[in-house]
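So, here come the structures, one by one.
Shared between the two complexes below is chain A, which pairs with chain B and chain C, respectively.
So, the complex of A and B:
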């Protein structure tokens, strides 16, 4: 038993070290993804091009506009007189928003409790549009607070304090998520092709005729990949730290320990896929679709789970990345401890074991 | 175990749903015999062999291989047989030595026993010079030999050869059969499947299978006399072709 297992582990290590493709999946692909996602998914929008239409043209209106264009968020791309021109600017994507100051703004500002201005926003990209609206209302509120006119209603002031990620830096949130996505993808991808490859080359036939048991093949394949994947996890985190300077709070040893459970789960999925797929190509495609899509869309990586419809929310319980995201964001950003994360660990362990057991059962029934 | 019989098959059948892949076949193979198991594609050969290898349960009937019941002790069966297929199932990104060492471990050999077995095989199959080469880079004839080495290093009582000389040139094929005969002289039973009819002539006895049944069994000479035909190929075409 031990000799057989050891023989398989040793063989797998040989495969890993000798296949340049494996090393590419482990190191080149994650590095590329961290850079691409990290920059492209930057939610911190600046220099939004706006058109300014000032019907009032008083010192008050000009000062109000300066509050926008002087900030790093907005740039006055056009100053126009006629609102009808705005539509063309939106259509040819010269601007993302337009600020319209009505006639009488200056007078109202000094005499009335409420003053209106209009903000037109390109809603074709809702995320972007939402960000524009938020920035604009923040600027308008802060302007009205610092320039009290006559008898104006001062709204109750909210002083927001964002804990754990005070600058609301997107990369602090995204990069830990990326670790989850990449680890899942790399592990599942690599293991899913190992069995398919043995089927293609015929070595699996020889193994089935040998005294090796299916579970020994599974475990023998999982162990070396757990080691390799952990090295990969450290690589991704260090790389993200160097490129995006993400915070590394919390217990990193704990993070590594809990990553083992996640990796175990990912490898289980890989083995499960390879117990179905007959060729390496099929295995590879299946692994990519089955891991990347849920890990990105259903894990809370990009879209908050609590805003999903109930049936989909239930499906997310089967997505391992959901639990790992809670673990890695918790540890890196909030210094969470094991006690807080034990449910997530439990779920991952159950999912992983289920996948591996199903994979070896499938493997066995195919043989019989 | 009965010393003279390596394989005893009695009324062995296997059904897949309504389809009977192997239909009550019976035969025995003696110790040290070179037995040719012939049949066209789809005749049920593969199913029969998988049962004899202990990886497929029979629907009915029984068989012992190397003295162990294939249904009751499949693990023991697998431990005492060697298997080599046409695909020369070696790991191509590993050297000859690494392949041998891997299969040694798979058969539970201690590193020391495996090392000694390897040394003997290098000598016997003249593999010493290529032992550190990746098997991907070897010519077919050498791959075949390395494959055979992997199949016999744990000293199995029976070796199953599944179309062992596919794609191999005549010189290497002859060299391969010389090794097979040598093994046979050392009382190792050889069970060969093939549809190369000239290869069938090398066997001590052959059986011809068709539609799940064994149609005839005997030495090549006996069969030629019995059917009055000059070659095994003629007999094969006559039996297998005529009835389909």
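So, the complex of A and C:
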């Protein structure tokens, strides 16, 4: 049994080593992603280009506009006279918002308790549009509160404490997430081909008439990829540590141990797809299409799961990346212990086993 | 030209024969579009929150009630123990923990300005900031209701921001994200299909057979791309139809212009696919190269990371990403109803990229075979 298993493992390792281009992508990919994401990801929206339309043109209105353009959030890209010009500027993507100060603003500001100004927002990108609106009202409020003595009128104090990521660095959140997303795709892609390839080239028949049992083929095919994937995982974490100095607060041995469970689950998905698909092409397409978007969008990598509608939240239980994201972020950023993460581990183990069992069942019936 | 017809016919027969391929190329993108559209639809709402009320006075209870009645926060835990604020965050049960201090009501009455503490799990900075912003907003509205008559101190001149949002007045995420998902799905499918089409023939040895026939290379390439261009267009229209029905995506611009620009775009993705297949020796290599290029293109496309925020150096990299231009075109055309006058820049970029990608694919294929 052990000897036959080793034979299969040996054969698969040869397959992997013989294809340096694939191996290269396996390591180049995470490195590129970490660098691109680390630099490209900048959650702070600043220097929003705006058009200023000042119908009032008094010292008061100019001071108010300076409160906007003097902040890091807004840059006055255009000063125009007429609101009708705004549409063209929006369509050419030259500005994201326009500040319109009505006639009489200065007079009203000194005599009335409340004055209005208008903010025209390009809402086509809702995140951006929301940010623009929030920044503008924050600036307007704090401008009106800058009146000395106003602070004393507020009877309470509000204190924010940001735990686990006090500098609010986006890369601390994204880089561990990348490990989860990349590993998922790498594992599923790698294993999705292994069985389909043997079927297509006809070597599967040779394997099945040999004394090797189906379960041995499965296990023998999985073990080398577990190795490759774990090396990949360690590589990503070390690389991210070196380039972006992400914190490694928790127990790294625990992380490595739990990564094995995740890799097992991801490989299970690949095997499952491989056992269904007739040709390599179908297997690969299915593996890529099935993992690339869901592990980015349904895992909580960028979009919070708790805000999704209930049916979608149920679907996310089938996305292994969701559990691993909680594990790796927990260990790296919050130094979570096994006790806190046991549910996630349990789900991963169940999912992985389910996929592998279904795959070997399908494989057996095929062979007979 | 006759030869071209035969190649196209052959590809269609091959496509039809692999039923599962049709499933993957047509059904899977649609299913994903439906599911993923809902997944990204949300603003940050229902943030899991723990409320620790150490005061337990009538005033603190009214305040606690305020937090209960909002869809932005979901109060999952009420507690009287100050240690709970850390515990819930640590165990991943809450993202925000609000603590109302001891003697809250008394201190307010005495003018001692008690401090309300908002603890946030800041792993995801965006959620942490948004969540604490929600808490502040609720506190502010509570303060306004607190002062007798709800008056705002008169010494102040408040300036109201009267904002008018154009193109997407309710700031619906789906209107922005679903067209983006549509672009990505069509990109993934068309690039993979062409990439494999040629490598497969090479791996099987049938490519050499094709080369000894009187078919010219251009005919071969066109014969390999046209069927997938057709499939890509079908995919695009199907996905658009579904997006329109399920998500009520507005299409303010011209549908014909959209289809025309889609066709140009498809030549970019198909060209990329063929280029990959001239580099790859095996289908596996094609797959991994495709994967690399796709992920790069998705990140750089502005799909979920706004391009405007990127540092200059990274921003220049986005210029070589065809997905970026088409993403802009589709979103602007759908939401703003932009026409060619506003979209000529990305269109020209797409044409240039399509020409470069297709010609280099043909040149490389010639070299490999010649």
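One rule holds in what follows: the second predicted complex is superposed on the first by the 317 of 368 C-alpha atoms of A that agree within 3 Å, B and C clash if a C-alpha of one lies under 4 Å from a C-alpha of the other, contacts with A are read in each partner's own complex, and residues count from 1 in each chain.
Keep in mind that, in the parts below, contacts are C-beta pairs under 8 Å (C-beta built on N, C-alpha and C of every residue); 3 or more make two chains touch, one makes a residue touch a chain.
Worth saying up front: this structure is predicted, and the values here are computed from it rather than measured.
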- Task: For A:250, decide between first (touching chain B), second (touching chain C), both and neither.
- Result: neither
- Task: Applying the touch criterion given at the start, work out whether A:3 contacts chain B, chain C, both or neither, answering first, second, both or neither.
- Result: first
- For A:19, select first, second, both or neither according to whether it touches chain B, chain C, the two together, or no partner. both
- Between chain B (first) and chain C (second), which does A:11 come into contact with in this model arrangement: first, second, both, or neither? first
- Check the contacts made with chain A and report whether chain B or chain C touches more of its residues. C
- In the superposed arrangement, which partner chain does A:307 touch: chain B (first), chain C (second), both, or neither? second
- Query: Can A:212 be said to touch chain B (first), chain C (second), both, or neither?
  - Reply: first
- Query: Just chain B (first), just chain C (second), both, or neither: which does A:315 touch?
  - Reply: second
- Considering only touches as defined above, state whether A:37 meets chain B (first), chain C (second), both or neither. second
- Query: So, A:104: does it touch chain B (first), chain C (second), both, or neither?
  - Reply: neither
- Message: Per the definitions at the top, what is the overlap between the chain A residues touching chain B and those touching chain C?
- Response: 19
- Task: Would you tell me which residues of chain B are touching chain A in their complex?
- Result: 53, 55-57, 75, 78-79, 81, 83-85, 87-94, 98, 101-110, 150, 160
- Message: Using the touch definition from the top, list the residues of chain C that touch chain A in their complex.
- Response: 18, 20-21, 24-25, 28-29, 32, 35-36, 38-48, 74, 89-92, 95, 108, 111, 113-129, 132-133, 135-136, 139, 143, 146, 152-169, 171-173, 175-176, 181, 184-185, 188-189, 192-193, 196, 200, 280-285, 287-292, 294-296, 298-300, 304-306, 308-311, 313-314, 317, 328, 331-332, 335-336, 338, 342
- Item | In the complex with chain C, residue positions of chain A that touch it | 19, 21-22, 25-26, 28-29, 32-33, 36-37, 39-46, 64, 90-93, 109-110, 112-130, 133-134, 136-137, 140-141, 143-145, 147, 149-150, 153-166, 168-170, 172-173, 185, 189, 193, 197, 277-282, 284-286, 288-290, 292-294, 296-298, 302-304, 306-309, 311-312, 315-316, 326, 329-330, 333-334, 336, 340
- Under the touch definition given earlier, write down the residues of chain A that touch chain B in their complex. 3-4, 6-8, 10-11, 14-15, 18-19, 201-203, 205-212, 367-368
